[in-house]
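First the structure, then my questions, so here it is.
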Amino acid sequence: MRTGRLEAFSDGVIAIIITIMVLEIKVPHGHELAELQSLLPVFISYVLSFIYIGIYWNNHHHMFQAAEHVNGAVLWANIHLLFWLSLVPFASGWMGENHFALWPVVLYGFILLMNGMAYYILLRVLIKLHGENSTLGIAIGKDVKGKISVVIYSIAIALAFVSPWIGLALYGVVAAMWLIPDTRIEKRLVEKSAE
Amino acid sequence: MRTGRLEAFSDGVIAIIITIMVLEIKVPHGHELAELQSLLPVFISYVLSFIYIGIYWNNHHHMFQAAEHVNGAVLWANIHLLFWLSLVPFASGWMGENHFALWPVVLYGFILLMNGMAYYILLRVLIKLHGENSTLGIAIGKDVKGKISVVIYSIAIALAFVSPWIGLALYGVVAAMWLIPDTRIEKRLVEKSAE
Amino acid sequence: MRTGRLEAFSDGVIAIIITIMVLEIKVPHGHELAELQSLLPVFISYVLSFIYIGIYWNNHHHMFQAAEHVNGAVLWANIHLLFWLSLVPFASGWMGENHFALWPVVLYGFILLMNGMAYYILLRVLIKLHGENSTLGIAIGKDVKGKISVVIYSIAIALAFVSPWIGLALYGVVAAMWLIPDTRIEKRLVEKSAE
Amino acid sequence: MRTGRLEAFSDGVIAIIITIMVLEIKVPHGHELAELQSLLPVFISYVLSFIYIGIYWNNHHHMFQAAEHVNGAVLWANIHLLFWLSLVPFASGWMGENHFALWPVVLYGFILLMNGMAYYILLRVLIKLHGENSTLGIAIGKDVKGKISVVIYSIAIALAFVSPWIGLALYGVVAAMWLIPDTRIEKRLVEKSAE
């Protein structure tokens, strides 16, 4: 099976997730500048989640750039990832509306953690299909970055019980770490085409 | 007519259906962990429906992998399937919000039943176009799994009047049955390319 | 310019329009069968609109099957059509929620009329680009069906002031007329490939 | 990296943005013609925003028609543009619901300004990748139109403090300016294929 339709479906789902989040920023009834101030926490939550979904689309794009074909297991590992991504708008809205209170911040971290693990599972299923010595297998290597993210998420959730702001800051650290594009796959593709 | 645009349109509609369902999980006003507990039935309903829509996308993907062209009848049989799929979020939301009460569970089963029948109609229209001896015709064969599903849905709806939980359990059984990917088409495609 | 991206964008917009209409069928709070009865007008309105949007997607598909390239004027004529299509969910919701009262039925007819005219404009712009003697130009011919639709919509709106049900019945007549797939383009394509 | 998936994802996001805006036009409870009158400001706001999003899709289409490949920086510059586009429905809804009061009009202008700048950044990142002497680089030239837009937006925001209607009128002027399709890229593509 070709990767085309899986990519198209994932693009559709991710495009909807990233866009419906904006519906959480409810249009205020008044028309004063102060109305916007009260929306600030929801807006910050939106920005963080937009960046996260953007990162996932970006990495998904890179991953399937290197993938050559898919099977039933890949389809389901991908739907599993989309499931956890689909819960980001809910967690994001809850966190923003409650001004970054403890439990919403913990839930947000938990959803990020599950996304990280779902992404890792998808990666392993793809590597199993293509082989450890395939372009994909070599490019990703030990997936250090992915493993570090999951560790930081776990620490962030634990430290959120000290202060939610510490947790939130650590979610930001992971986002910043991924904003630097995943050059591993690009490098390997360039190397391969140069061979 | 090529299958490309029908697949793209279906991907779009299915992607939206699977994603807007999450809007039924309304962001609670409080920020305590207990708030999430009250969302549990809606969440369970969401998970089940997400899996069902995922199954339909998966099978739709397999089906059109084997299809080579479409005509007006296929376009309409496909839109008919999308119509019944589009009602899943409503039935899912009603069922979750009412904690799996009788009528919502019956309606949910009815919608699943109509989806099963719409899928079967689409399959027959496609086979009629390609011929019984086409890759598609041979791969699907007698569509035993599809027929069993429709029978189980009917039994599930009837037994829901004894207890909605029996109905719900049977919906889960059908989902589990389909989660095992439809290897019939894949097998036949492999056989054909090996000839 | 190729037609690919215009088709992809239109598929996306039409897929969203056809799907968000279901959000007008609000999940009722009670769990009795009677709750569904009160949703019947909204549901009928949904079915009619789903069929209409399906017809437009179908005809749009046929139209661009025959088109070979696009220019700026086609892009804007297409966005103009999408604009009027995007108002169908609103008119449909208003009509259903008010049990087919006079003004909502009139507005619904007006939106259908504008859609019919926007479709006709798109067609003329495409024919102007491809020439009257192109596959597209010959296949569509005088577009009798499109013109009849616009006339019936106008009569339907006028007769709605006698009784909204007459107007509604005539909207159904036009839908039935279009449900018969537009075989003109298919015929011409077959003829051309046979030459 | 090819441009295909970036275009598909952008098409998806823009299609959703342009369509969910219609959800701001809430279905009124009454069924008299007068109900529509009270929706007029929201509707005008919708029309203006629909045109703006249409313009961006159109220009985005032209831009990537001329682009040959993308890198990580382009992906992020594109997501950055989609972020500002995603805020148009919110600003549009706020402006319409408050009958074009001062601050909503100012915010709307600010969002348009940020979109203009995000578009410009995307353009520069693409030109940097393809070279100033590429088809894209030569076609866009000095991007006079883009720079003028940003200047007019700034003036419009300032003059909105005199009267919001002046600001609104200037937003309309920029829209009208862009409705004339961007013939620069088309011209250069025609010239190139003629060489």
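In this document, chain identifiers A, B, C and D correspond to the written order of the chains, with residue numbering beginning at 1 in each.
The rule is simple: a contact is a pair of C-beta atoms (placed from the backbone, for glycine too) under 8 Å apart; a residue touches a chain by one contact, two chains touch by 3 or more.
Predicted model, so just to flag it, every value in this text is computed and none were measured.
**Student:** Looking at chain C with chain D, do both copies bring the same residues to the contact (over half shared) or different ones?
**Tutor:** Shared-number fraction below one half, so different.
**Student:** Using only Cα atoms to place each chain's centre, name the chain farthest from chain D.
**Tutor:** In terms of C-alpha centroids, the chain at the greatest distance from chain D is B.
**Student:** Need the CA-centroid distance for the pair chain A / chain C, whole Å please.
**Tutor:** One centre to the other, that is 37 Å.
**Student:** I'd like the Å distance between the centres of chain A and chain B, where a centre is the mean of that chain's Cα atoms.
**Tutor:** So the centre of chain A lies 26 Å away from the centre of chain B.
**Student:** Counting only residues that touch at least two other chains, what does the list for chain C look like?
**Tutor:** Counting only residues that touch two or more other chains, chain C contributes 8, 12, 15-16, 20, 23.
**Student:** Can you list the chain C residues touching chain D in their complex?
**Tutor:** 1, 5-6, 8-9, 12-13, 15-17, 20, 23-24, 71-73, 75-76, 79, 82-83, 86-87, 89-90, 93-94, 97-98, 101-104, 107
**Student:** Can you name the residues of chain D that touch chain C in the complex?
**Tutor:** 7-8, 11-12, 14-16, 18-20, 22-23, 25, 27-33, 35-36, 47, 50, 54, 57-58, 61, 65, 179, 181, 183, 186
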